[in-house]
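Same chain, two partners: subunit A is paired with subunit B first, then with subunit C.
Entry: the complex of A and B
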């Protein structure tokens, strides 16, 4: 393993940031999220940042192209390809796993989303191994290991006074070969300690959910949902988007932006029909998407147990409670 | 067991057994010890889920909008602020009084769940008062069919209700603009503030309209400001100060500072006024007086 005194981290990040953008977890603008590293920035290591790193591959608002008319002429303006090299430094194994799921969604099954790909293929992941579970964590329910990520380029370990670094990919190895870089030394990865506060029992999922689309359990489950987009927008896996135009006078641009299946207009059709007319259908869709449709399509659950929705849902509509209730119904069926 | 909890469970059970109501809205313990979540109780044997503790922050009144055309009678537990939410719905004619059985619960003020995050369950006496309760002017319900326990003493206005507003007003125009720009830059437009608000009770919200699209779906400073300001002006004179918008905001935006600025202005322009106290109320911005001030300088 390579080790680096914690006081040396800024110079290491500075060297890493030469020729690329290094995103680090930090408090920024009254919120925690991944922001470009710069000298003097205060890093945030306590828990997962509220905003997940998905916005770095899949921004909440992303211009596709611009346009302008000049008389009878139409001019199409180019868009940001987003292909400059980047590193995300210090995301956790759950967010790394979520990135893997996003890769499946945007890059497999016969269509590659070029906007996603250009950002993703130029980004290296430096994944921080967790040492303890957070207050609403349940990643192990989905078979994830909180101390490592298969898609990491570099694993980062908190060794107390030092950071431990272990290359997982050749690109990760290159990151270590910096002048101000860490030195190779014998060191053990820290132990993970503590019990996970929450758990989803996945034994009956997803197959047990197939006959449950019309089950009466949904008549109760949705009641307290506010129909807001907090869960979907903070989720590192939710990936629905809309495409809209912003037109002003003779110019404008077309953009895509996050959308939420919790919103009434999400499935609204021209003419006013809506196949998911109430919160019941929307809540059912959100949970079945994560617990049944995603595993059926990608072989992975659409949840990584990061706990953001559990902590931030204003009415505690908690996916672990929902999933375990569904499992109970399936088991008793 | 907390005697209020016990009484809540008993009343809910009685009302449901007698089929006087179809559903009882209250609170139950959530996933984490400092979460008390909205509970919908449909049968007497579920009544034991109900709790009353220092984390019953959610205002349940806006749930009545989900079935606003239903004839089913519903019982709902209301704190002081929640009861003002009910008054809001009644004065805005979004709810008929016969449809709801109001069980008032005098509220000593809730505790701040954010301060309990990551702590072990235990003594809550050291936890600070929840932000939404800090400037409460009505701890006792203003409207109810039945009251649980004894009324609690109201807190004398401390003068701090508008302290944050005063602070922002003292900034220069550019600083003030920068302040609000920074606050709303982090808005993710989840609409939790609107959805929880009893004053946001339109059957169809202009922000959900696809055609014409008043509010662009892109998250940009201009759109975020348009959303925030339009909503603030729409609830102007009708905001019951329950503070739910700010509580539910996942981004921690000080939405109540905006609402309180408008409340303060209304007080100064039209005389002291508190919304959501009487169902027959005529909000200052909903009536016309020939002597209304028209000084916009």
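Entry: the complex of A and C
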């Protein structure tokens, strides 16, 4: 393992940031999220940031193309974002796993989303091994290891006074070869300690849910949902987006922006039909999408147990309670 | 950088046919020829970028153009109905699976359409008539609310009935002073005509309430779910299975549909 005295981290990050943008966890605008590193920035290591790093690959709003219209004329103006190399430094294994799921969504099944790919392929992941579970964590329910990530380029370990670093990919190895870099030394990865506060029993998933679509359990489950969409915006796996126009006179641009399956107009068609007209259908779709439909389509759960939706839902509509209630119903059926 | 699949190309409306008071067919051409050759039943995104973008079935095509038959329903379609020839539009596609030609080849075909639902069926009917020897007997049962609401009038009255081994049965919900044809709903007319299911594939598209009762009638007439084909509608934004909203269970209508057999639909949640 390579080790670095914690006091040396700024100079290490400074060297890393030459020719790249390095995103680090920090407080910004009353939130914790990943922001571009700059000298003097105060890093935030206490918990997983509230805003997941998905916005770095899939921004909340993103221009798709520009256009000019004049009379009957139309000109489509493609835009090249020309992304520079990037590093996300200190994301957690759950968010790394979520990134892997987003890769499946945006890069497989017949179409590659070029805007996603141009950001993703230029980004290295430095994944911080967790040492203890956070207040609403349940990643292990989905078989994730909170101390490692398969798609990391570099693993980062909190060794107390030092940071430990272990290359997982050749590109991660290159990150260590900086003049101000860490030195190689015998050191052990820290032990993970503590019990997980939440758990989803996944034995019945996803196949046990197939007969549950019409079950009366949904008649109660959805009732406290406000339809605010906080869960979907904070979720590192939720990938739904809308496409809209911004017009300025004879020109404008089409952009995509995060959307939420919790919103009533999400599936509303121009003719007035809506296949998910009430909160019941929308709540059911959200939970089944994560626990049944994504496993059926991608072979992976659409949840990594990061707990953000559990912590921030204003009415405590907790996915672990929903999943475990469904498990009970399945078991008693 | 790979090509952005969400980027449309500019086309031009070359011809507009007023089908009914609220349906128009648009012929769209492109500099340098058609950007793609859709299979029957496939879809494309059509946009007036300043207004919006919507998914439409490609109701037919020519050597140089694509055809979209569009009912006025919302903001984009209202703007398209205001457009005049020469108007440029954005087009991207083709999307969706299209009709199952392999299932249909060598079989008798029964098309059952209602209202604007004939638009997707038309792409298949035109294909079958152009490859006539690949298919058996063709029967088309089509209905609309009134005689004025019948689309593709030239084809349904003057062309298709004269094609070899082809039968066209038209009905309207309510006739008018000049209407000499059948009056009644499509599902009832279907039961009255009672076409034999043997060796037959049926393809149906129309308003949800019509499809519901057509499926019940076909079941009563002992059509197998594997031989009943229909198309679904859902709101779509990306068309490439990323934006999330057109899912029915784990299937995406934009990618895995819009064409499904009844046997496939019976395995999906009935949320459409």
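The criterion applied here is as follows: the second predicted complex is superposed on the first by the 321 of 333 C-alpha atoms of A that agree within 3 Å, B and C clash if a C-alpha of one lies under 4 Å from a C-alpha of the other, contacts with A are read in each partner's own complex, and residues count from 1 in each chain.
Here, a contact is a pair of C-beta atoms (placed from the backbone, for glycine too) under 8 Å apart; a residue touches a chain by one contact, two chains touch by 3 or more.
From a predicted model like this one, the values you see are computed outputs, not experimental measurements.
Legend: residue contacts after superposition of the two complexes on their common chain; A:67 is shown touching subunit C, with no touch to subunit B. Contacts of A:196 after superposition: neither subunit B nor subunit C is touched.
When the shared chain is aligned, subunit B and subunit C each come close enough to touch A:268.
Residue contacts after overlaying the shared chain place A:242 against subunit B and subunit C alike. In the superposed model, A:224 makes contact with subunit B only, not with subunit C. Of the two partner chains placed by the overlay, only subunit B lies in contact with A:257; subunit C stays clear of it.
Within subunit A, the residues touching subunit B in one complex and subunit C in the other are 242, 259, 268.
Against subunit A, in their complex, subunit B makes its touches with residues 30-32, 35, 37-40, 42, 58, 63, 66, 117-118, 182-183, 185-186, 188-192, 195-196, 208, 210, 213, 216-220, 247-248, 250-253. Against subunit C, the residues of subunit A that register as touching in their complex are 64-65, 67, 69, 72-76, 78, 80, 105-106, 109-115, 117-118, 213, 239-243, 245, 247, 252, 254, 256, 259, 261, 266-271, 273, 275-276, 281, 285, 288-289, 292-294, 296-297. Subunit A contributes residues 29-31, 50-51, 60-61, 135-136, 197-198, 220, 223-224, 226-230, 233-234, 242, 244, 246, 255, 257-260, 263-265, 268, 279, 310-312, 314-318, 320-321 to its touches with subunit B in the complex. In the complex of the two chains, the subunit C residues touching subunit A come out as 1-10, 47-54, 71, 73-77, 83-84, 86-90, 208, 233-235, 237-238, 240-250, 255, 269, 271-272.
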